[in-house]
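Each of the next two complexes has subunit A plus one more chain, namely subunit B in the first and subunit C in the second.
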Partner chain A sequence: MKRLLKQPFWQGAIVVAIAYVVFKYLIGYALPIIGVSSAPVPSSVILQYMLTVFVGVLLYMSAEEGRWGTFQKPIKEAMVSRDQKNLRGVLMVVIPIMVGWLAYQNVKPSFAAPATLRSIHPAPPNEITFRGLPIQLTGLENPLHENGSLEEHLQVGKAIYVKNCVPCHGDLLDGAGHFAQVFNPIPADFTNSGTLPMLTESFVFWRIAKGGPGLPQEGTPWDSAMPAWENILDENEIWSVILFLYDQTGFSPRTWHEEGEEGGEEH
Partner chain B sequence: MRKTVRRMVVLITGFLMGFSVVSGQDVEAGKVVYDKWCAECHGIDGLGDGSAATTMLPRPRDFSQARYQIRTTGSGQLPTDDDLRLAIQEGLPGTTMPGWPNLSGPETEDVIAYVKSLSRFFGQGDPPQSLDFGSDPGGGSEAIEIGAQAYLTLECEACHGSAGRGEGTSSPTLEDWRGFPIRAADLTEGWYLNGGGSVEDIHARVLTGLDGTPMPAASDAMNAGVVSPDEVWQLAHYIASLGSAEMPTLRDVVRVARVEGTLPTDGSEAEWEGVDTFYFPLAGQVIQPPRNFAPTVDGVYVQGLHDGVDIVLRVQWHDPSESPDPAWDEWQVKFMNAIDLDGDSLVVDSLEAPMVRPPDALAVQFPFEIPEGTERPYFLMGDARNPVYLWTWNDQSGIGAGRGRGLDSVEELPEDPVTGNATWEDGRWTLYFRRAVTMEGDGLSFQEGTAIPVAFLAWDGSSGEVGKRNSISSWYYMLLDKPASSTVVVAPLIAILLTGALGLVLVRRAQDRERG
Partner chain C sequence: MSLEGTGEGSKKMSGLKRGLALFAIGTLIAVPLLAQVAGPDYGEFGIFGMDRRDAVWMAAQLHLLFAAFVLGVPMFAVVIEAIGIFGRQERYDKLAKEFTRLLLVAYSATAIWGAILVFFLSTLYPRFWAYLTAIFAPSMWLYAGMFFLESFTLYLYYYGWDAWKKGVAKKVHWFLGIMLNVWGTIVMFIANGWLTYMMSPPADVTADTAPQTVQLWSAIANATWMPINIHRLLANVVFGGAIVGAYAAYRFLTSESDEERAHYDWMGYTGNFIAIGALIVLPFAGYWLGREIYEFSQQMGITMMGGFMSWLWIIQAFLIGILFLTGNYYLWIGMGRIPGAERFQPYIKWMLLVLVLGVIVWATPNTVIADRDEIAAMGGTHHPFLGVLGVMSAKNTAVNLMILTTFLSFLMYRRANKEPVVSWAKMGTMLQGAAFVVAALVVLFYGIYGYFVSAIIRIGFSVYQVAAVLVTILFVLGIDIAMVRGAKSRGAIRWGQMPDRSQYALLILAVTFTWLMGLMGFARSGIRQHWHVYEVIRDTSEQAFTPALGPAATMISTCVLIFFGLVGMIFWLGGLAEKSVYDDTSAAESGH
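Take a look at the complex of A and B:
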């Protein structure tokens, strides 16, 4: 076993195998188990990634004369050695069949939906028009922190949430409302640590006010069922429901300070 | 299976908690949980009148009267703590009441105590006792046949209908104890049943009844000797056999198979038997006002065939009323008064007013052209910039086609050659659309072997659904089979031969070189 691991050919084979397992299974199926949101990688993308890994391995192996020699050794042996006659026979049958199978996978009629790539938190604009009036998003804070009673704002926000948002985002704020299964993309899960804590309140305001139709192209605005709430809720109502979202989930919004430090979503 | 495991966990926690039920339940702590998670629906005093309650049918439970559906106790009895725990942890599918797995064990116990404290009926007399459920004599075709007989004997048909889709003649008159209209459950879609769709679940609901609804308890008939305990189990097996407990898996591409010979048009059930059926759940249109919070149609079943010249789509959905139907006038008035119409004007608030009876309707939506990239029209019937191509049907004007530029902006395309017909039977519409695969002029030309976006919209007239108040789906795809081609066999064969030959050459050369 140890000897095998020292041999560059098997090192390369193991790297390729691990890469395949990561792309095919880990990203799409294992990450969600530990709570990171993810989706299976489309097979065309896997093919691209695998080619890159393969070429990378070959480049590394051939970068040094000595390594290249040892790398080739098992291959040469399988091709010429008298002792490897049986292995040779098996490979001569198995490899063409595998290639044939790959070819079949490519030409057989496919009933998979075309892959669409979608940006989940696209960059927000600097400014939006809300019911005809301009609102500067950059640097914008939730005005209700400074105004009136938090208790009351939360009560307003909660009533708005339960009436308007529950059907999709769910009573548990987990994106699993009674209509959620119908929509694709599925409604956002606010209990996920990758959502609310990563966003400033102004970003959340933009997403609520402008909804699916207000997304940039990379957010596939034609698919998103998120309503443009400016047609139903006024400014204070939206800020109240934002307060409720953070309060009910126990998360804190991203601040403009943090945003500045990491360069944030601004481009 | 998953459900069974979850249920066992519930039972075990229940068992562990059982010893400390009284001391382990803290009403004060329960109020904190209740106010945070439950009050907006069930009301701050538990009267089922939370601020969002008017958007929901069935309404959130009024706890003050302590009428519960999920019980193992007799009709009219209080539920046990185990019953309440099950209802809270698993929720009531098909309603807005979800399960609450986010609450910890102690939080759940506390909220149970608080919910009980909202009614003066708990804590009086002996604690409620579960009924003896007997044991399941087993399923199988014979049991199902006996069950079907019991279904007739006990007159379940009056409400649930002969097909079990809730299309019984009493259906339009049903109301719950608070006077809100209530539908007889669609027994063929087990995944939407409040108490779950397994035989045990159904048996428990049928035996003990659903208190607060018109649904009677079979235990009364059983005690009167009309049916035996075994027959009640067999009735549950019969109901479970009407549908599945789990929602069909969602597949996002409708395969439209290619047939040689004639296409079934208005074909009999038999002609469509072997054709793959795709189920798509629908939701109320809750995106643009006036919104539809409590839709009737919650799914469509879609099949398709083509012969290279014509394409036929067959769409089926459950709707207990064949609207317009005067038998449902009373229902329509009650329903529209009970639900928040979100500012819609079509309110007929009394039976004396002149009746407006909207027809049932359905639309299949495509883009006008097969999209080049990923962009497609807005899924809610398109928009001004990017319209959708619609096949439409309603129970008054029949089949047509249209250009949609938004939910309230549909322009008819009278020249479109799409034809079809619809029939309603036992609570189910079966609708056919037929058109040429390719098309001159305004309208989509289908292309074999290319995924084409498709979506569905439905209206139930008897619940006052018109215009924007409807049921919607998101975009899915439709794919027409290409004619059978020889490439599928030839290409892999060539690949095998070439690789084999290449392998031979390489090995031969390597060996020659080795020998020098």
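Take a look at the complex of A and C:
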């Protein structure tokens, strides 16, 4: 065993095997046990990671002449040495079976929908129409910051959220409403730092107003069940619910300019 | 041994090149006039199953690749010639000449593909071409004039190399090299004006603006013009260095003597050094370009970085990961031919670990490709654990640490056979080590802190990270240069004693650079989506849609294959027409 561990070929094989276990099982299944939020890693990502590790191992082994020679030794022996006749026989059976199995896995009929490449942050248009009137999105700020009482806006926003949004986005704003699991993709989780803080309020306004039907052609199909709320809520109601979302989650919206900067271009 | 091709064949070749250059200039002048004639908006094309957009795409891509090469090589050829002149080292002068020799045939190929591009544009997109000529005609005349000057300066520069070898004549020759760069840069800046106008036309130009009323200078000096100019200038050096490295690798692999191998090993190292050196500063120009695109149009910026095109950045990350891994690998193998490098061997595995982890982080997508079951398990296309690696904070941290690691590899390579004799050598090495640690900590600190601040502040952090890395590189290099002055040698570099796989690494670098240029060029051009000129002239042809990644990648790969097919021919011609300059064996023995 000790001798094996000193052999670069087996060292490389062990590194590759450990990496696979980490990517396939440790991240997906062991982390949740210790309370870290995680999920099984999709096969496309595992392939990508494993390819990187595999190339890294090969580069290390071949970066130095002596090591490269020793690394190749077991492979050469398995292929030509008289002593390894049995091993060769086994490999000649096992390798074609493995290749066949992989080929079968890739071509066998499946009922699963194909993997999709979905943009989660589609590019917003510069201008939209809201109930027939044009609204310039670029540079647009939430008008309620300047008008009326924030406390009242938050109350209005809260009432609208509870009435209209909770069934899908959940009472904890975590995208786990009681209808959530029937949708694919599931509703947005506003507590995730990858959603609200990444977006300007005008972007959120556009998404609420236009919903799934208003998503741009780019990156389709979207499969979003989000309704177009402009048919139900007025402009101020949407801005109120946006205030509520940021207030409740504690996130700050992405801004057009750095704080304290008075408009103008950033250079 | 005669080093030059002074025979009949060579004269015929130069005549052919002149003819091709004149042909291209004539085309540039004539076609705008033809395009004024009223006719259909689009012409038909259906050769080899390609449509009109494929035809223009391919011609533009191949023209750009050759143009990048012929603009990049003179930049460092003239610097290497200067090292030869002012450092009184003739081997550098010969190397500069060998670099320049590759330009001649590539120059013809640039002109041919340029002419094909103009023909395709004017016949397949006549309305759009007429629009462009209505705005840019005067700059097209200037372009033709500059092209003419560039061509003749190149011929004088190359063919006058041996005639003007000494004294003032040599300085004049070097000046010609500088002028070659000046003309080439002007040519590129003019053409960049045309293409950046398509991306970011001035704000006062709308769909109703008559092209004759658009001010030429405001059309050229648009929002993305200068960022593209700088980005391309740097990228041309990177690309030129990589292709020269590939040429040297090809000649190394086909060498028949140790002297030849030694020479081409040295040439390959130099090409690779130029490519990787310029690559390190390229991301800054890229950041600037990206920022200007966002400033010009937020929609365009999001399409590029967060929307449909965002996956290209993952592919880019992968390809740049290959560049980092291969560039370091080449240095590590190269250390096998340097006496004294053995002492650095134990560190290689740790540097490789940083690089592999860096590639893994950098190439982790924010939006994962997953099937329905996987999406359901993750609760969306955002992985709950790996998602933290999908954002810019993680990626900037990864790439900056990779740059630091690559610099460390280079430093080890540089120091391998040297033993400093200055009294403060130990202190100097410790200072260098401390600088690396501080830079890594600064990069990590801002990488982690970035998760706790808003996006607009986070973007600024990348500047601190990059600044920490750059300052460290300059500081450490400064110490190193002072420290190894008069250092004891542990033995000469055994040039030529490189395993063949090191040369394949150089070839991989060249192919990867070429691929990257094609991919990112697609991103730059594709973010206009269904516009010929963004929000001014709409593309109303059947090909107005933005191609999906698969067909785009196929097209780019085809262009890369054709390019290398042609470059392979140029390399072969380079060996066929003239003998190499490797005969000076002493040249390649005394280090780099």
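Keep this in mind: the second predicted complex is superposed on the first by the 175 of 267 C-alpha atoms of A that agree within 3 Å, B and C clash if a C-alpha of one lies under 4 Å from a C-alpha of the other, contacts with A are read in each partner's own complex, and residues count from 1 in each chain.
The rule is short, and it goes like this: a residue touches a chain if its C-beta (ideal position, glycine included) is under 8 Å from a C-beta of that chain, and two chains touch if they have at least 3 such contacts.
For clarity, every value in this text was computed on a predicted model and none was experimentally measured.
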Problem set entry | Contacts of A:I34 with subunit B and subunit C, given as first, second, both or neither | neither
Exercise. Touching A:T255, do we find subunit B (first), subunit C (second), both, or neither?
Worked result: second
Exercise. Is A:L5 in contact with subunit B, with subunit C, with both, or with neither (first, second, both, neither)?
Worked result: neither
For this session: Could you look at A:N126 and tell me whether it touches subunit B, subunit C, both or neither (first, second, both, neither)?
Result: second
For this session: Considering only the touch criterion stated at the top, classify A:P227 as touching first (subunit B), second (subunit C), both, or neither.
Result: first
Exercise. First (subunit B), second (subunit C), both or neither: which does A:F179 touch?
Worked result: first
Exercise. Between subunit B (first) and subunit C (second), which does A:I95 come into contact with in this model arrangement: first, second, both, or neither?
Worked result: first
Exercise. First (subunit B), second (subunit C), both or neither: which does A:D171 touch?
Worked result: first
For this session: Using the touch definition from the top, say if A:A112 reaches subunit B (first), subunit C (second), both or neither.
Result: both
Problem set entry | Contact residues of subunit A, present in both the subunit B and the subunit C interface | 112-114, 116-117, 184
Problem set entry | In the complex with subunit A, residue positions of subunit B that touch it | 36-37, 40-41, 50-52, 55, 95-96, 98, 100, 102, 247, 250, 252-253, 255, 281-284, 286-289, 293, 374-379, 383, 386, 449, 451, 472-477, 479, 481-482, 487-488, 491-497, 499-500, 503-504, 506-507, 510-511, 514
Problem set entry | Parts of subunit A lying in touch with subunit B, wherever the complex brings them together | 76, 79-80, 88, 91-92, 95-97, 99-104, 106-109, 111-114, 116-117, 158-159, 161-164, 166-168, 170-172, 174, 176-179, 181-184, 191, 213, 217, 220-223, 225, 227, 231-232, 248
Exercise. Given the complex with subunit A, which residues does subunit C contribute to the contact?
Worked result: 295, 297-303, 306-308, 310-311, 318, 321, 325, 329, 332-333, 336, 345, 348-349, 352-353, 355-356, 359-360, 363-387, 390-391, 451, 454-457, 499, 501, 529, 546, 549
For this session: Mind listing the subunit A positions that touch subunit C in their complex?
Result: 27, 31, 36-45, 48-49, 52-53, 55-56, 59-60, 62-65, 68, 112-126, 138, 175, 184-186, 188-189, 192-194, 197-198, 218-219, 252, 254-255, 257-258, 265-266
